[in-house]
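When the chains are written out, they are named A, B and C in that same order, and each has its own residue count from 1.
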Amino acid sequence: MSGSPGTSSETKKPSWSASEAGALLDAEVIGDGSARFGTLSSLEGAGPDALTFVRSAKFARGWDESGAAAVLVSRAVYEDPSVGMEPGEGRAILVVEDADLAMLALLEAASKAIERTPRAGVHPSAAIDESATIGDGVFIGAHVTVGAGSAIGDRTRLHPGVRVGAGVRIGADSDLRSNVVIEDRCVLGERVLVHPGTVIGADGFGYRPSPDGGGVLKIPHIGGVEIGDDVEIGANSCIDRGKFSDTMIGSGTKIDNLVQVGHNVRIGRSCIVCGMTGIAGSATLGNGVTLGGGCRIHDGITIGDGATLAAVSGVMGDVPPGVTWGGTPAGPARDFLRQMACLRHLPELVREHRSHERATGKRGEGEA
Amino acid sequence: MSGSPGTSSETKKPSWSASEAGALLDAEVIGDGSARFGTLSSLEGAGPDALTFVRSAKFARGWDESGAAAVLVSRAVYEDPSVGMEPGEGRAILVVEDADLAMLALLEAASKAIERTPRAGVHPSAAIDESATIGDGVFIGAHVTVGAGSAIGDRTRLHPGVRVGAGVRIGADSDLRSNVVIEDRCVLGERVLVHPGTVIGADGFGYRPSPDGGGVLKIPHIGGVEIGDDVEIGANSCIDRGKFSDTMIGSGTKIDNLVQVGHNVRIGRSCIVCGMTGIAGSATLGNGVTLGGGCRIHDGITIGDGATLAAVSGVMGDVPPGVTWGGTPAGPARDFLRQMACLRHLPELVREHRSHERATGKRGEGEA
Amino acid sequence: MSGSPGTSSETKKPSWSASEAGALLDAEVIGDGSARFGTLSSLEGAGPDALTFVRSAKFARGWDESGAAAVLVSRAVYEDPSVGMEPGEGRAILVVEDADLAMLALLEAASKAIERTPRAGVHPSAAIDESATIGDGVFIGAHVTVGAGSAIGDRTRLHPGVRVGAGVRIGADSDLRSNVVIEDRCVLGERVLVHPGTVIGADGFGYRPSPDGGGVLKIPHIGGVEIGDDVEIGANSCIDRGKFSDTMIGSGTKIDNLVQVGHNVRIGRSCIVCGMTGIAGSATLGNGVTLGGGCRIHDGITIGDGATLAAVSGVMGDVPPGVTWGGTPAGPARDFLRQMACLRHLPELVREHRSHERATGKRGEGEA
């Protein structure tokens, strides 16, 4: 596996010959082992610089029409008698046990080849409070701030512009991308990845009526945020701090971009929360819960272990474990889709109903 | 009321004995005045380090089963003949006039004890234009920028990474958290609190058709944003500048995270805007309006004083003062909930209707 | 056209006399040419410092009641025999061919007069990697970072706190506002304007089941983001990088605040994407597509050239070119509005249906 030459190699995508990729993937190479590719692409739209893949026999024909340099194919498909793939001039077929896994292996190899791995050290422009504790091998980029009494675990990376408040603890091997903000007294585990612009530990949204009746007064939020290990949080999301106990996110949970997690929410382990979802205060998600994009979870409700909510669900009551629900208010997903499909018949029903009423003289006077 | 000892006290939660808390809250202490707690918790889940609270007689029994160190209870509940609460070994009951208010008083005391209060002064890494005016007792953190001609009021705090453009005015005692951006010529009042990552004064989203028919041209936005006193804005929200007049947010209004306020919107005094709500351009909210989470307010509409919109409402027309509405398009909330509840009957109605039509031979030819 | 005097002129709004504006707009000035205005306003709410405008004969009467200093009016309206506008004491009428275009011309002139035009140069606090290439006339503000191998085009402006990763290319005359983050290897064209806090190139949200069944593993994202010329992106939006090929945004496309664009999305030329819209992974938008605010576009779907989706649409399947659709699931907008309007009749239909069933004895035993 060879990167491009020269000093800028870290910023270029790598390129492989079919033989190099074959060795990496333990593949049988059929055709021209010197065929080179620098990108991975689905069959449609694959250019002469691409490695493509064929997942099932019915798409194998696409390889002939494709201009790709090489193709990954699972052995079962390649050996299917109905298929008969040929490499063609200057191209190569890579036969592997499982084309999906091989593609992932290539992606991971490519990622390692091009990934920026910042060197350990603290940029001179960073402002680190003298009472903070910085672990071994930590990278702290330009214009980062770390507040009083905070502790940064070994090998953790704080990219440029990250703001770590006072009394924060971040575990080892975590990665906070540019301009992430961690407010005071929040706790992050190990191998936590937070994408740019995300804010962890802003005050929850809580007020009480002003005694003079003239508006509201802020309720202080002295709880924190506690995030487990192996959590990933997307860009420009917000995880609010708790009122007195902590907002909690369990290990292995993955949260997408522009997601709102309210004060005192408790999210279990290995949950998936897709983009633009909002989880209101004090809601509880069990383990292994999946929320599609754009969901709205009302405050205080509970979602059971392993439940899945379809995109754009409005969850207004508790959800049992293991179900697949959707809609607003959320219910069994199949029912919801059927109801939505029936909506287009509603105008006809209303028309019919009115004409029936007119015919039978039932219609009330005041109605339009 | 004692904080933890030593230099790191500002980053730890405080702890109290029941006697200390009793003195603070003017409570009658029954049982062991030396019982200590460091957190506040509801009855369920209260550990031995917690103060808990009992709001009504029917939950008073929970205190016996709870492991909490102490409990706050309103006198009316404590003296209810059906209740009979006992402190138990090493625990304490704090009897107060109003347990809710006492809890808030404790939260506020705890908040003061742990709150980071940055010292006045300008961090040497900040870049302050020499034509800017900085009031007395101002805190300006690391890597802050303040542009030409801007004025920062007395005791206002600009946390690390805050960007203040040119010609901005910020009143006294305001608090801009890390990485907040205030664009040119915006005006903020006194005691305004803005959470991290929020952007005030980006251009509104306005274009006109290109004369050559090939897309659109940007309409300049020379208006600003004018924010009153005692306003709080959550994290990663956006308040766009006006086209020629200003976008306005009235005093006492509270806005949550990830909220969008479009150009030339006018929001009155003491409004509550919950998370992920979007208010499109030139909409007008009166005073005391409440918008639940995830609402969509269309451009140009007017919402009357004191109106409440349920979460996830889609407001497509004007809303009268004082009403409680919901749904999309928004209407009286009760009607909306009834309509939603009826949706589950719709497939049955459609089935019935079709079989009736088939029986009576009414069904048109072209229909599925 | 005169700005205010002195060094702070760049931060004040300009003011004009009617004569100055008349010369700028090639207008006939009727009345007092010395009448001054410093703001532009619609008829209602126009104060004595305002220039207002009259678009049609039926609103011309409003000028008499208005306190505005001057009014823009199209010649056709002014000369309409039914109109008869008089300047009045100390006020002026500016007669132009097209009042709308004249207003835009004034806005543009005002914008130029007050616009902050930062001087070319690199602030000493910026951290620019020595292998980066910086074009002529570039402005780089305080606390900016530019990573290894990146190239910044001529006259491009990077405002304070902007983070440019490694291997990034940004074309000429682009403008990245404060705290924008561009992750590694992304490419932006010429005249691209990005508002504060927006994140371009965060990892897409992609995982695969862990082989041990205990959660999910991250799929590396080695693709980038490629943005054409003349694109504008609002504040706190997110454009994720592709898995292996790039996420693409065509020239002339305008994207509003708090918008999410998922990995491998392809957006064509001259599209309009309003605020808080989410476009899930691998969706494709043709050229000239308009998405209203708060839309949800499901992954992998295709929207044809010139299609328009109403605000808050949930797009779950492909959309043909040129149509205007709305609703969830999205369909022809007119149908959707009719269905929504019929919803209020649904409770009545259900009631009727039940009483009919009860009368005819059809109602099943198990039903409520």
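In the analysis below, contacts are C-beta pairs under 8 Å (C-beta built on N, C-alpha and C of every residue); 3 or more make two chains touch, one makes a residue touch a chain.
From a predicted model like this one, the values you see are computed outputs, not experimental measurements.
Asks: Given that chain A and chain B are copies of one sequence and touch, is their interface built from the same residue numbers on both sides (over half shared) or different ones?
Replies: Mostly different residues.
Asks: Can you tell me the C-alpha superposition angle of chain A onto chain C, nearest 5°?
Replies: 120
Asks: Determine the centre-to-centre distance between chain A and chain B, using the mean Cα coordinates as centres, and give it in whole Å.
Replies: Their C-alpha centroids are separated by 26 Å.
Asks: Going by the touch rule set out above, which residues of chain C reach two or more other chains?
Replies: Within chain C, residues 125, 143, 161, 179, 197, 236, 258, 276, 343, 346, 349 contact more than one other chain.
Asks: Which residues, counting only chain B, touch chain C once they are in their complex?
Replies: Where chain B meets chain C, its residues are 125, 127, 131, 143, 145, 147-150, 161, 163, 165-167, 179, 181, 183-185, 197, 199, 202-203, 205, 207-208, 214-216, 218-222, 236-238, 240, 243-245, 258, 260, 262, 276, 278, 280, 296, 298, 314, 328-329, 331, 335, 338-339, 342-343, 345-346, 348-349, 352.
Asks: Residue numbers of chain C touching chain B in their complex, please.
Replies: It comes out as residues 7-8, 10-13, 39-41, 45, 104, 107-108, 110-111, 114, 116, 123, 125, 141-143, 159-161, 177-179, 193, 195-197, 230, 232, 234-236, 252, 254, 256-258, 269-270, 272, 274-276, 288, 293-294, 311-312, 340, 343-344, 346-347, 349-350, 353.
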